[in-house]
Structure formats: C-alpha cells, structure tokens
C-alpha cells in the first residue's frame, strides 16, 4: 500500500539535518570559536583575487598570511577562505583586519541566521548559499562576508561555490566590476547567491507539480504523505534561510555608511526586488504544499468511496438472491412451490427480475 | 470515478507557466539585458502617439530611432514598444532617454514583480497586464512604463493590448487626456489595466459558483479536486500580480515628484481605491476557494454515508433471513418444525415479521 | 439525502450578486458617470430638509434645481437624492456645489468601497447601507454623502432608507440635531446606518445557532453544506462593507478640518466604538462559521460510525450462525451429529451460546 | 450515540446570550440613556466609601443625591452605583459631576466594549467584570468607572462584585490604598477584576483537559462536538472582553494626565503584565480548543477503523467457510466427495486450515 | 487499538502544570509577596561570588544579610538566591538594595511572564530557565535578575541551574567576564539560559521525527493523537516563554542606560540573534507539529482503505460463489442440471471462471 512515489523527475536530495553542535559549545565562553558545520574539510584554501581597472591577479594559498603580503595597495582585494575548521587561520585573519571576536564566532557558527552587523570600518554579513553542485547534489552552505574600504573577505564551509562566473567577469574585465569598489563586489556576490535561489524555487515548483500529477492520475495507490511532509519541511527551511536574508538586503539599501557608494544602492535595490520575488514564490509554494495534504485526503476518500460501492453493489445483489435460493433449499415436508413442474425456472425468472431491478436502482443512483 | 467536471461556462484558459529563464541568465552580469518571456515575437513594433490640445499624430515604425525624429517639441509623446526580444532596439531607446542599465534589465525580465523606481528625470513602473484577448485567450503580459517630463514610454511583450479605447480618446480628444500632461497619460494607462483586472475577478467568481453548483447538485460523481487546485493556483498568481501593484499605486500617490501634477493625484487616489477593491475581492475568493475543498470533503463523506446505508440495510435484512432459511435446510433426522403441516408458511410469517421489524428500525433511525 | 435544512427562523434572504457593470464601463473615460447598480429606479426623487434651531421645512421635488432655490440662507440644508440612474440630475447637482468629477463617478459606481475624501470645501464619504426593508427583504445599498459648510447631500440608489427616525427628530426638534451644524447631521446619518448593522449581526448570530441546533439535534439527515457556504459568503461580504467603513470613521475622528466641530468629535469617537463592536462580532461569527464545517464533518463521521456498527453487529452475528446451519445442510453420507436424537436442539444451544457471546463482546466494546 | 459528556468537574455555566436591545434603541437619539442589560434590578443601591489616611466612612443609600452631601472635603470618595435601570439616578449623578451625555449612554449600554476616554477633569473607563459569584454561577457584568481629582465612581449592573477584599483593605487601612489618591484606587479596582480573569483562565484549562481525557480514554462513545463548540464560543467571548481591556491598560500607562500620579504608573505597568499573561493564555487555549476538533476527528476515524476491522475479519473468515459448506449442500446426483467415508471430517480439516490461514493473515497485518 | 507509541528515544518528561495559586493571592494587596511556585524548597541558599580582575571569592550562606557584609567594595558582586519560599529573606534583600515592592512581588510570582523594567539605579529582568537537570528531568524555572552599578542579584526557585560553566569561567578568569562589569555578567547569564533553549529545540525536533517515523512505518497500529497533542502543548508553552524573552533582549539592546556599557551592546545583539534562531525554530516546529495531525489522519484513512479492500475482495468473490452453490442446494423436484452426469464438475468450472474473472477485475483496479 505504501510504496513510495516514483517521481518522474529526479527527487531533490534531502537537505542534511541542521543541528547546532551543542554538546561542544554549551559551556563555551561567548566569543569562543567553535566550528559547528558538518563538513570536515580539514585544510583551508585561501584565494586572493586582486584587481583594479588595469590589473588583475589570482592566487591560491594554504595559509592566510600569504594573502596579506600579496595584496597590491590601491587595488581591491577579494580574499575567499574555503573551510572553517582550522580556527587558527580565521583568528589570524581576524587579527590582521581587526575583526570583533563575535564576528569570528559567527563565521564558524554555521547555524547563525542571515544578518548584517555594522562596524565603523567594515560591514559583516551572514547568509546561506543554497545551490546544486556539479554532481546535482543540493548544497546548503553557511557563508560570511566582511567588506571594508578596499577589501572583501568571504568565508565558506568548503571548496566549490556559485561564484565562478563572477571570477571570470573579474578576470575578463566584463561588466562594471573591475571599475567599481568593494561594495559593488559585495553586491555581485549576493546577486550570484540570489540567482541560485531561483533554481531551488523551480525545483520546488516541479516537485509540487509531480505530486499533483500523482494525485490526479488516480491510478496508482501510492502513499505520498511522506513526500508532502518532506516538501513542507524544505519549504520551511527555505523560508528560514531567505526571509531573514531579505531583511539584510533591505537594511543594506537603507544603511548610512561610507562603504556603500551611491551608485551601488540602485543595484542593491534591484537585488531586493529579486529576493522579494523569491519570498513571494516561497509563500505561494507553501500554500500549495499545505493544500496538497487536503487534496490527498480527498483522493483517499474518493478511492474508499469506490471500494465501498463495489462492495455494496455485490453484496446488495447477491445476498437477496442467496436468500431466495436458501428458501427452496429447506426441507419442510410441504413446500408447494417445490412440487410445481417449472418451479425452478419460475424462481430463476424471479431472481433475474430482482437482479435487474437492483441494477437499475444502482444505475439511477449513478453508482455504476 | 474521476471524469473531469463539465463546467457550464467556458473554462478560464490555463495560465501559462511562468519560469525565469535561468539557464540563460544565471551567469549574467547584472545590468545585462536578457529577455525572459515566452513570447518570441521577433520583430519590434514602435507606435508613436504625439499629441497636444490642438494636434494629434499616430505613426508606427519598425525602428525606435524613427520615433525620436518624429516627436514634435512641446507635445506629449507616447512611445509604445511591442516586443522585447530585440535587445538592440531597447538599448537604443535607453541611450536616447538616458535610462539606467538596471531599468533596461527590468524591462526585458518578464518575471520582475510590480514596482516603482524614482529617478530624478523620470519614474519607472513595472506591472502586469492581465486580460482576455479577442480570441478569448487569457493573457499575462509584463509591462513597463517610463514617464518623463513630456514623454511616456511603454514596453510590452507583444502586439495587442487593453489600450485601444485610450488611443481613441486621444485621437478624438475625448476626456481630459489631450489637455493634461504625461502624468495623466500614465494614470490612464494604469486605469485601463486595472479595469481589466475586474474582468478576471468576475471570471473567478463565476468559476467558484460553477464549482459550488457541481458540489450542491450532488447528482454527478465528478472529481473536482483538480479544478479546485487550479483555481487556488490562479488566485495565488493573481494575488502575486495585483498586491505589489497596489503598493506601487500607493507609493505613487505619496510621491514627491515634479512629474506628477497636483490634479492627477486625485485620479491616482481613485485608482488606488479600485485596486483595493480588486485585492479585497481576491482575498474573498481566496477564502471561498479554500473552503471549496472542505465542502468537497463533506460531499464525499455524505455520499459514502449513503452508500454505507444501502449496504447496511440490505445486509442487515437479508443475512438474518438467510440464516432462518439455512436452519430448515439442515438434514438433522429430527427437526420437529419440518414435520408441521404449515411449517413452511409459519416460517414465512416469521420472516415477514423480522423483515418488517428491521424496516421499522431503519425507518426510525431515518436511514430510509 | 440532501434535502435542505428547514431552519426554524426565517432564512435571511440571499444577498443579490454584486457585479461591476464592466461591459458598460470598460472603455470609459475616467470621470465618466455610469450607474452600475442593479436597481433601475428611473425617476429621481429629491428631498430637501432645511432647518435651523427655529425653522424646519420639508419638501420633495423631481428635479434637483428646484431644491437649490428653496434653500434658506443660514439654515442647514439636507438634500437627499434617491435614484442614481438619471446622470443628468447628478451632474447638475455637481455643478451647483462644485463637486470634483471623480466624486460624481464614485456616487454612481455602486461597487465603490467605503472611503472618505477630503476636499477644501467639503468632505466626501462613501459607505454601504445594509438593512431589512419593511417587507423583510435584505437591502444592500450604496450611499454617498457630501458634507459642506451648511449643507449635506446624500445619494441613495432607491427610495426607502433607515433615516425616518432622524427625519422625525429634525421635524420635532428632539435631541441635539436642530441646534448643531451639518457635521452633527453627518454623524447622525452614519449612526443610523451603524445601528442597522447590529440587526444584521444578530440575524447572523441566529442563523449560526440554528445551524448548530441542526448539527446537535443529530436526528435529521440534512445537508447543510450549502447553508454554511452561504453564511460564509455573507460574513465575507459584511466584512467587506464594514471594515473599510471603520477606517473611514477612524480617519474622520482624526481629520483636521474646519467642517467638523470640536464637540462632534466625541460623537464620532463613540460611533467608532460602535463600528468596532460590529467588526469584533463579525470576526467572531467568522470563526464560528468556519468551525461549523468541521463540526458538520464530525457529525457525518459519527453517523457513518453508527451505520457501520449496525452493519458489523448484524453481519458478525448472523454470518457465523449461517455457517453453522450450512454445515448441517450438507449431504455427506456420514455426518454423525445428524443422527443424534437431539442433535438439532444441541445445535440450537450452540448457536444461542455463540449469539450471546458475540452480544457480550459488542456490549463490552460499548457498541451496543 | 450522542449522549453528552459527563465531565468530572462541574461544567462552567453557559454564558448568557449577549444581545443589544435594538428594538428599543434603534430609533434613539444619540446621547439617549437606554439600559440594554439583562439584569432587571429595579432599585439602585449607592455605596459611599469616603476615606483619607486618618478617616474612613462607609454608607449605603437608595438615592445618589444623599451621597453628594455626605462627602468630606479633602477625602477620597468612592461612589459605587449598583443597578443601571433607574436612568434618573444616573442622570442626576452625571449632572453633579458634569459628565458628558455620551458617557452616560455608555454607562448603561452593557454592550459597550472596553475603552478609555480622556476628558479634561476625569477619565472614563469601561470594562467587563467576569467572575463566579458565591453560588458558582458565572457572571459577566458591564462595569464603568469615572475617576476624577478626589472621587471615583463605579457603575455596576447589580449588587455583588469582586471588590469585597478591597473594601476591607480600605476599612482596615491595609496596604497603600488609604495613603494614595483616587488613581491608586482606580488601579486597585482594575487589579481585582484582572485577578478574577485568572480564575476563568483556569476553569478553561480544566475543561480542555477534561475533554482531552474523554478523547484519550477512548472507551465511551460520547459526542463532544457540542462541548468543543461551546468552549470555542467562550474562548472567543473572553478574547472579546479581555483584548480591548489590555489596550485600555496600555493607554492608561502612557496617558499624560494630572490625574495619574507618577508612582501609580509602576502599578499600572504591573497590571499590564498581568493582563498580557491572561491574553497569552487565551491565545494558547484558543489553539488547543481548535486542535480538539481535529483530535476528535481522528478519534472517530480510529474507532471506525476498529469497527471495520471486526466486520472484515468476521466476514472474511466465515463467508468462505459458508461457501465450502454450501458446496456440499448441493443436490447433484454425483458428487464424489459426498460418498467418501470420512468426507465430512476431511472437509472439517480443510475448513480449519482455511480458518487458521486467515487468522494468520490478519495477525500478520496486525489487525488482531 | 490505542496502545501508546513506544518512542525510540526517551520521551521528554511532561511539563508540570503551571497554575497561579489564586486561592492564595486572589484577595492580596498589590505589592504583597506570595510565592506561587510548585517547588517547596524550604531553606534559602545564598551564593556570593565577588570578583575583580585580580580577586575572586565564592561563599555560600543561609541568610542574605551575611552576603552584604562580605562584599568587597569596588568588586563586582553576584548574589544568587536559591529558593523563593522564605519571603522574609527576599524582603531583607529588597530593603538593602532599595528594590520597588512590585519587583519583590514579581520575583516570587512564578507565573510572571518575561519582562524588563527600567529603574534609575538598576534594571529588573524576568525570564524562564528551561533545561534538563542531571537526572534528565525537564525543569521550567522562574528566574529574576536585578543588575545595578556593581552588583547583580539572581533569584531562582531551587538549587541547581545552568550557570556552573559560568561560575568556573569566573573562578578561572577565562574569557572577558573578570575584566568586565555587571552588565557583561548579566549578558553571560542570559546567554547560558539561551544556550539551553537550544537543547529543548533539539529534543522537540527529535520527537517530531520519531512521530513521523511512527506514521511512515505504517506497520504498528498506535494511537499517537495524545503524543501529538502533548507536543502541541509544549510548543505553545515554549513559545510563551521564549517570545516575550526575545522582546526583553531586543529592548535591552536599545536601552539608554548608564548600566550597560557600549561594548556589551555587541554581545547583547549577538544574544538577540540567538534568541531569534530559537523563535524561528519554534515556529517551524509548530507548523510541523500541526501538520502531524493531518498526516495521522491520512494514515488512518489509508489503513481503513486497506481494511475495506480486503473485505470487499473477500465478500465480492465468495458471496456470488455461495449463491451459485445455494442454487443447486434447492430441493425443486425438477432441476435439470442436477441430473447431468458431470453437473457438479461443470459447476466447479463455472465457479473457477467467476473467481478468476473477479480476481482479474480487482487486479486491474490495482486493489490487489
């Protein structure tokens, strides 16, 4: 009865369970760095992208301190740190850029919800990168971003991200990015993340339609409760990641900071429109998903109705006929009909009449 | 069991699926123009309506640059661009009117939600034109509007729109439009769009009533789950198009811009009232639609109840009678009743008594 | 199965279907007068009530221009226009009092939601008059009100309203009304309307209780889905009429206008309290109405449970007994029990034991 | 089937139906006094409690004017009026204290929702006293309060209230009350009312738990739909009384009036916390109550499942066996099994095998 | 049928019932101290932790007055009072620190919801400590906190809390705490409390997953209504404790007080992020819990469907066959088939055909 649905399209891989590593941090001092993610990438990779309208440099290191020395004064430096488990590296970076201890704590706390913190010399932004990697596996990655006067640092849990196209645009000097400041780079990174939210939205839409098709096809007897429940859970998780991020972008648009150029504000406003499209869609898919359960319930009831009708028709027709046969199976000494020459055939006639009468009755009730 | 409902009125054509063409734009530079609509109208048609209280001119071109030369200084120029797939034409227009690159991106991004952006020299407004075209097909079209000092540009996905009556009023100098500025023209365009929202609202109301009729008629055995689900989906899509548009109109009413004349504000306030009527109705239809599912559920249960009653009555009457007949079909050597002369008739009497007793019982329970 | 409920109290007459006459107005110029109501009262009746603390005059005309001439300078004039289909008359009035074209449009657009517009010389208020007329028919009438320095104009769709008691108070100089200005008259009119909202609230409360009685009585087999759905629809319509009206009263309380006397504000605040009582009640009745559907569902399920129990008991008792009888109806050459002298009576004993055992089982399960 | 639940704890007496006496007041002049309550206490009792840190006097009169003369200048006077049906008395009081006519109207309108009105010389507060009287009957009483410089007037519908402990504290000079002004007395009165809200909250909690016990006990076959519906109705009524009262207290805390001493503000803030506790609880009980209906629904379905299983098991076992017996009851001339010597016993063996096989099948399905 | 679920993980112990001890306090004077908790810890334990960057002292007393004398001027003193039933001790403390009577009342009123009160010399904060104690029992404890210039007092209902790690950090001078003021200590205490909220959130998540597993496993026939209802109740209680606490932290972040150092604000903002994560999760678990009921309902219906199918198949197959056998059990004098030599075998053939036909029919309907 409860074979799982065979969806036509590949099923979205299950989101890994997100749990704060409380056993580890319950007794921690506030400001202590404890990596709470589930990706145990041991080594840290540090990318340095250093660019100005004229120059462009791309290097990869195993240690953050190398990155500091290679920066060219006057250029914009994007330092991308992949891997959060080597606390020492992150502390070194924190010291060099004078980051507040709570920022460092948030960088490695993968359960930190999206937020923005303003500091005099830099902005600190946390959000979630949701995307499918190249093997089609769904990735939910904690990502932090510090943007200062002419540098921008991103922290990711592991190698692999959604910024390859941005890296190419910087390398090839396509678009505004090489001519703009670190604030525009910040926008470009967040824009890439939001663009990938749309792919999730589409996957969700596809899955809802697949489940509706299963419900409407009405032939198979599949239990899709579990599929619906999983979908619900994912819609709620997506909400949890995207709604606070919308607030971050909204605040970014209204922020009063020297770090954000007047011209970039238009781009951030545009980004806000895009995130709002995502949240609008999430809310629609949420209502649709909740509605699926009701639909499934009516589908079950409809099926039960059909089962009941078959039973009722079969029983209502043959039980009376069996009774009639039973009458003439009795052994009374004197049953006049039994002696009639064509009694047996008369009875058959009567039975056929009853049969047709009941058929007509069910036909009129539209049960047949 | 699951024949689809035959609604008496023509079914509202299905809304085409709206998907952002992400494959295309995922790696795009922000500010890049990529048409994301599903209407591949290759050629661009440019209408120029140039008018003043005294003059009126109407011309159609294949190239936007023609339109620039034909404008008469001092007149109001309405440039209507049909077709968004020829990016070059739109960029040419953008250069001539000095439009921000993000505006151009939004003009061709058909998934852009309704919004208003204020720029020093012009206002940029995005909304959705929802209407039935002349063949009765439902159209959902992305429409953008730029309004400046004495010009107004509209961008549509394809030929055919809801502005024919407005064009005639301009041509025939009926109403205020020829004597007012570009701000009043903007109002008139939005008013025409909102007037067509009402027709959708009515179609929705009709469909809800049709479904209710099916539910109440109670005769046919139709599965209307799918119809209800489609209706839900459309209510949600309508909400998604109209609610942000209400915010746009609200902000337009409160805007502090030289472009909007004091007198036009009254008209915009009136427009706001109309949009609010639409949103009020959408919310009512939304509740009604959600309620339909519950109603359908009770209808199914009521039917099952009826089926069960028939089964119960038939089985409860004939199973005991069959048992009585079975007793006297036994072959015991000594069954005293069998030897009684009128035993058979006494038994018939007893059976009729049991039959009447059960009938009376079911009658009293109101099951008959 | 689906006989409709016979409610003990008279059923609230169905609200007439409200539809905007779009075919007519779709291509209209904004500011064009088009009557959209469903009451085709051809003639217009104009009442003039002219009063001061000392004087009182009451006259009825067929033409508005007569009313202008009969006004006594220094008095308060209440001009009540019944019938909106004669556009000319309304335009004449608009010209005399210098009303904005959009006001005139709203006066005849019966779908206009309740609102208040402030103009330098007058206030314009739209609301809905909901009441039972003398034949007990439910009336939903669009009513507009223009209040100026010493005049007040009301527009109704047809003759007959809820202001008779107010007319008498003016005639008999009862209460404050003769000694107060046009602002107090405005309050008195709105107060009379709100007082009649309460009668609707009570009718709704009665109907909910009737439906609950039907549900709890549990005897009859009535389908009340349709009644509940109608109730839902009416609660939603009432909401749609009253909630925006509350906003109107709220704004009136806070308005900064010479037209509203300081003393009248207390009365308006009191009116606001009353409207809020109505909206509170509507929300309660809304929740109760939605809850009715769930209750009905459990009632159906309870009934099905009862049906199933009867079937189960009858079948579970007589099917085994029939089997026992069947055994001894077999024609095997050697069935030892058949030769026993009291075999038949032993079998009866066994059958009675089985019968009692099953009875006891069902009794213990509380199914009997 | 639908015996009502016998709750272990005494059932909360039904709230009396609250209806505005509209027939009476529909045509009234605003500001007219019409008592709308259901308690026809004919006589009015007037209590005067006059106190200062040193003095204390308690007297009861039948006429308000007596109370005026007995007040001691400089003392705080608490005038408590029991009974609202003698309009004359209330008007006399209104004249003496110069109360606005609308206040007098609200005092006798028992449907007035909780509110606060600020006047230059006094505050006017309306709220609801909800409590069990000494016979355990639930009381819902309209109570109004006017607090001025050194007097406080309360209006109640009938004798009997929740202020006895407060009267004793005044008499015995316990607590702050004798040393504080009329504002503290106002607080003390409202505090006593809120303390009694808690008893209702507890009664509600008990009833929900009783209903849950009935649902979980699962033995009895009681119809608790009606109980749940009544509970819903009461939760909604409690909400209607308490939520606006919270707004009253909130506004009182922020009011800018000479009448409220700085020190009393702390007490009012504390009162606000208490009312918020009540509203928090009401919202929790509301969700729990709504959830009861779903629980009841699953309980019914679970029971039906059980009924169905019994039927299915009995029918599925005995119908095939009866068929087997039927086979050998046939009268064909040549049925080889019938001539076998132990045919009857072989058949019994086969039947027992079928019986055990089906038992095993149902066991494996966990239906037994 | 209704065996309770055996959850794999240990069931969260039931939250003790929270009731205000109204009988006791109903007639109390506001400002009277009445302990309303359910923990009758008779003795009071007073801990004094006195520290400065250089010094650290830890002492335990049975009387608060001892603690006053042992404080070292210039140090930060944390006085932790365990046990609220000895009113005298708390009043002594209140006198020494000049606490407002209403604060003392709130300290011992365990039903007081989380709140913050600002006084000139100190802040007063109430919240709830929710945690598992060492025996794995769930604890819900009322906790109050007074923070002044260089002292901080906490009040708990009983010994045992979540602050051991904080005590050790103070003792060992780990982290900022020894070098910071009483405001940072306040933050550290609240942070410890919030960290334990996360453990509850996780326990809730585990229980929801356990219930889902029970629902999806589909094998056992357990009644989980009660489990779901308990879960609902706990989610609502958790909400009640955590949501007002979030408001407290929010207000603390924005407070304008000399007591809170600029640097501590960053930590409080971080705390606010954490509480918001908890409230986000509570809302998600709330929706999931409510959804469980729907899922359970579909599971029940699915099971009933299965039961019905078995019944329908068995009855539909064997009732017609029994009828056929019944026919040839009749005793008519002339039934031609009976005389046929292979009549019996022909009949068997016909029966097998009917049997296979019905099997095929049910197979095609996917009921088998």
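Labels A, B, C, D and E are assigned to the chains in the order they are written; within every chain, residues are numbered from 1.
Here is the rule we go by: a contact is a pair of C-beta atoms (placed from the backbone, for glycine too) under 8 Å apart; a residue touches a chain by one contact, two chains touch by 3 or more.
Protein names from UniProt, one per chain: A, B, C, D, E = Magnesium transport protein CorA.
Quantities reported herein were computed from a predicted structural model and do not represent experimental measurements.
Common neighbours of chain D and chain E under the contact definition above are absent. For the touching copies chain A and chain B, the fraction of interface residue numbers used by both falls below half; the interface is of the different-residue type. Rounded to a multiple of 5, the C-alpha superposition of chain B onto chain D involves a rotation of 145 degrees. Per-chain Cα centroids separate chain C from chain E by 43 Å.
Note: centroid distance chain A to chain E, computed from Cα atoms, is 26 Å.
Counting partners per residue, chain A has 294, 297, 301, 304, 308, 311, 315, 319, 322, 326, 329-331, 335 as the residues that reach two or more other chains. Taken as a contact graph, with one node per protein chain and an edge wherever two chains touch, the assembly forms a single closed ring in which every chain touches exactly two others. Within the complex formed with chain A, the chain B residues making contact are 1-2, 19-20, 22, 25-32, 100, 102, 105-106, 111-113, 115, 117, 219-221, 223, 225-226, 229, 232-233, 236-237, 240, 244, 290, 293-294, 296-297, 300-301, 303-304, 307-308, 310-311, 314-315, 318-319, 321-322, 325-326, 328-331, 335, 337-339, 341-344, 347. Residue ranges on chain D touching chain E, taken from their complex, read 164-165, 169, 174-177, 187-188, 191, 195-196, 198-199, 202, 205, 212, 215-216, 218, 266-267, 269-270, 273, 276-277, 280, 284, 287-288, 291, 294-295, 297-299, 301-302, 304-306, 308-309, 311-312, 315-316, 319-320, 322-323, 326-327, 329-336, 366-367.
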